[in-house]
C-alpha cells in the first residue's frame, strides 16, 4: 500500500495518542479492525512518525512505544505458526490485545463526542444566577461537598507557608499509625485500663502489628497513655494518662479549645 | 393544599434553591408526602409545555432544577454573565472514561487512552468534576477516581445510569464522515465557548 | 419575533441574569426596540396573574428581577435551613492539618498556620468533623484533636490510611507542567466555578 503524505496532512497534535492515530489509519484505509493488516499499518504508522519534524517530547514517547508494539506484533505474525497437535487450542492472535484496546478506546472516544454535544449547564442551559438573600437564610447545616482534592490542596498550601521542619511527606504508614491511635483511644474511652495484648487481636497482619505498636509508643510519647505492669512478665496494661473525653457529649465551649 | 396551590409553591422552592432540589427535602419542608410533591412537579411540567416558559424543569443529580431552554442559549450568552466550561478532547475523553468505569485508577485511564493523563486528571479534580474515592486495595494502593455531583449537574444528568449508552463497536464510519466529524470537533473551542455543532 | 415568542425569551433572560436586568441591555442583546421588550414584560406580568406562579416580576433599581412570592417566605426559610455549610479556607486548612497530623494540639495547628485558629477549631468541633481525643499529660494539659467518623464519611474514606499522600497528589502533574498548565488555564474562577477546562 502506497501512502502519499500530502494527502494525509496529518499532525500528531490532532491525535489524542497512538490509539487515536491507529484508529484513523484503520478507518482511512477501510481496514478490518478484527483482521488488521499489520505490515501495512506498521509501515504507515512509521512513515507518519518519521515525517513528523517537530514532536512534542512527551507525546513522542507514547507514539514510539506503540511503534515498538506494532513491530513486535508484526514480527510475531511472520513467525511460522506453532501447531501443537496435542493441544487443540490455538495460540492467541498476537494482535488480540491491540484490537481490544482499539475497540475500547473507540467506545470512549465516541461517547466523549456525544457528551460534548449534550446540552451543558453554562453553555446551553442556564440556571437562576441571582441570589435571593431576603428569603434564604444561611444557617449552615449540612456540608457542601468537598473532595479530598480540596483537603490536599489546603494542606499543600499550609505546608508551603509553614516552618521548614514541619514540611515532610505524609506517608501511608504515618496515616495508618494515626488511624490506630484513634482506635486505641476509642478503646480506652470510659475504661480504666486495657490489656496490652487485647489491642493486638489475633488475625492482625505483621504490618498491622507494627502500626499498632508504633501507635502505642506515640501515645506514650504524647503522654496520653501509660504502660503499667503488676508483676514482671505479667500482663501489661494501658492506662489513659488523663481523662479521655466522651465524644458523644462534646463540650464545645472555650475550654474545649485547648488554652485553658 | 390542593394541587393548584401546591404547584406554584413547589415552583417557588425549586426556583429559590441554589442547586437541584430533592423531592424529600421539599416534602420535609412542607410536611407532606413525597407523592404529593411529585404530582405538583408533574402539574408544573404540563403547565410548562402548555404555555411556553423561558425555562423548563430538569431532573438533575437526584433533584429538580429550573434551567433555561437550550434554544435561548445564543441570546443568553450575549448577556455574558456566564463563563462556560471548555473541554479539551483529552479532558473530555478522560472524563468519559472516569464516568463510565468508576472507580478507576489513573493507570487504567492511561492504558485505555494510551497517553499520560496526570495533568488532565488534576484539572478535572480542580474543576470538581472528578473526585478521589479512596485507594484501591492492590499493591501500591493507587488512588481511585469517580465523578462528582457537579459532573451530573454540568451535563444535566439525574444520575450515572442516565449517561448515554456506550455503543459497542459495530462498523467504523467511512473516512469522509470521520473527517467531517473531526472538523466539527476542534481541539479547543473558540472564545465564547461555542462549539459548532 | 411576535410577543408569544418574545415573552418566554425575555423571561429566560431575566431568570438567568445575575441581578436586576435593565430593559436596554435586553434590547441590545436581542437587537430590538426597548418598546418591544417592555410589551413582552407586560405580557409576562399578565401571564403571571392569570395563572399563578411561584414568583413574580419585580422592578428593582432600574431593572427587572424574578422573586418568589412573599407568602411563601416561611416555607422557603425552612428549606434554607438545610443550606449546606461551605468550608472557608481557614476551616479547610485546619481540617487538613488535623487529618494529616493527628493527634495534634491547637498550638501545633496555629504554629503551622501562623494564625489563631480557635474559632475555626470550634466550628470543626461543632460540625463534628473533629473531636477531642484527650488531654496531653504535660503542663497546661493541652487538648489533643483528631478527626471523626463523620469526617471519614464526608470524604468517603474507609479509614485514615486511605487519605492520599502529598506525594501522590504532586505525581498527578509535575510542578513544571503544572506551571505551564496554569499559564494556559485560569485556575481560579468565580463562585459558580464555570471556567474553561
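Note that the chains are named A, B and C in the order they appear, and that numbering of residues resets to 1 at the start of each chain.
The rule is simple: contacts are C-beta pairs under 8 Å (C-beta built on N, C-alpha and C of every residue); 3 or more make two chains touch, one makes a residue touch a chain.
Only a predicted model underlies this, so the values are computations on that prediction, with no experimental measurement involved.
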Furthest chain, CA centroid comparison against subunit B | A
What are the two chains with the most C-beta pairs touching?
-> A-C
List the centre-to-centre spacing of subunit A and subunit C in whole Å, with centres computed as mean CA coordinates.
-> 26
In whole angstrom, how far does the Cα centroid of subunit A sit from the Cα centroid of subunit B?
-> 23
Indicate the whole-number Å distance between the mean C-alpha point of subunit B and the mean C-alpha point of subunit C.
-> 18
Would you please write down the residue numbers of subunit C that are in contact with two or more other chains?
-> 12, 15-18, 66, 68, 76, 79, 82-83, 156-157, 161, 164, 192, 194
Subunit A, residues touching no fewer than two other chains | 121-122, 126-129, 132, 135-136, 145, 147-149, 172
Which positions of subunit C touch subunit A when the two form their complex?
-> 12, 15-20, 65-68, 73, 76-77, 79-87, 89, 92-93, 95-97, 99-103, 105-107, 111-114, 118, 121-122, 125-128, 131-138, 141-148, 154-157, 159-161, 163-167, 169-170, 192, 194
How about subunit A: which of its residues touch subunit C in the complex?
-> 121-122, 126-130, 132, 135-152, 154-159, 161-163, 166, 169-172, 175-176, 178-179, 181-182, 185, 218, 222-224, 240-245, 247, 250, 252, 256-259
Considering the complex alone, what residue numbers of subunit C touch subunit B?
-> 4, 8-18, 21, 25, 29-30, 47, 51-55, 66, 68-69, 72, 75-76, 78-79, 82-83, 156-158, 161-162, 164, 168, 171-174, 177-178, 181, 185, 187, 189-190, 192-197
Which part of subunit A faces subunit B closely enough to touch in the complex?
-> 13-14, 16-20, 23-24, 26-28, 30, 33, 58-59, 62, 66, 101, 103-129, 131-132, 135-136, 145, 147-149, 153, 172
Can you list the subunit B residues touching subunit C in their complex?
-> 4, 8-18, 21, 25-26, 29-30, 47, 51-55, 66, 68-69, 72, 75-76, 78-79, 81-88, 91, 106, 118-119, 121-129, 131-135, 143, 150, 193
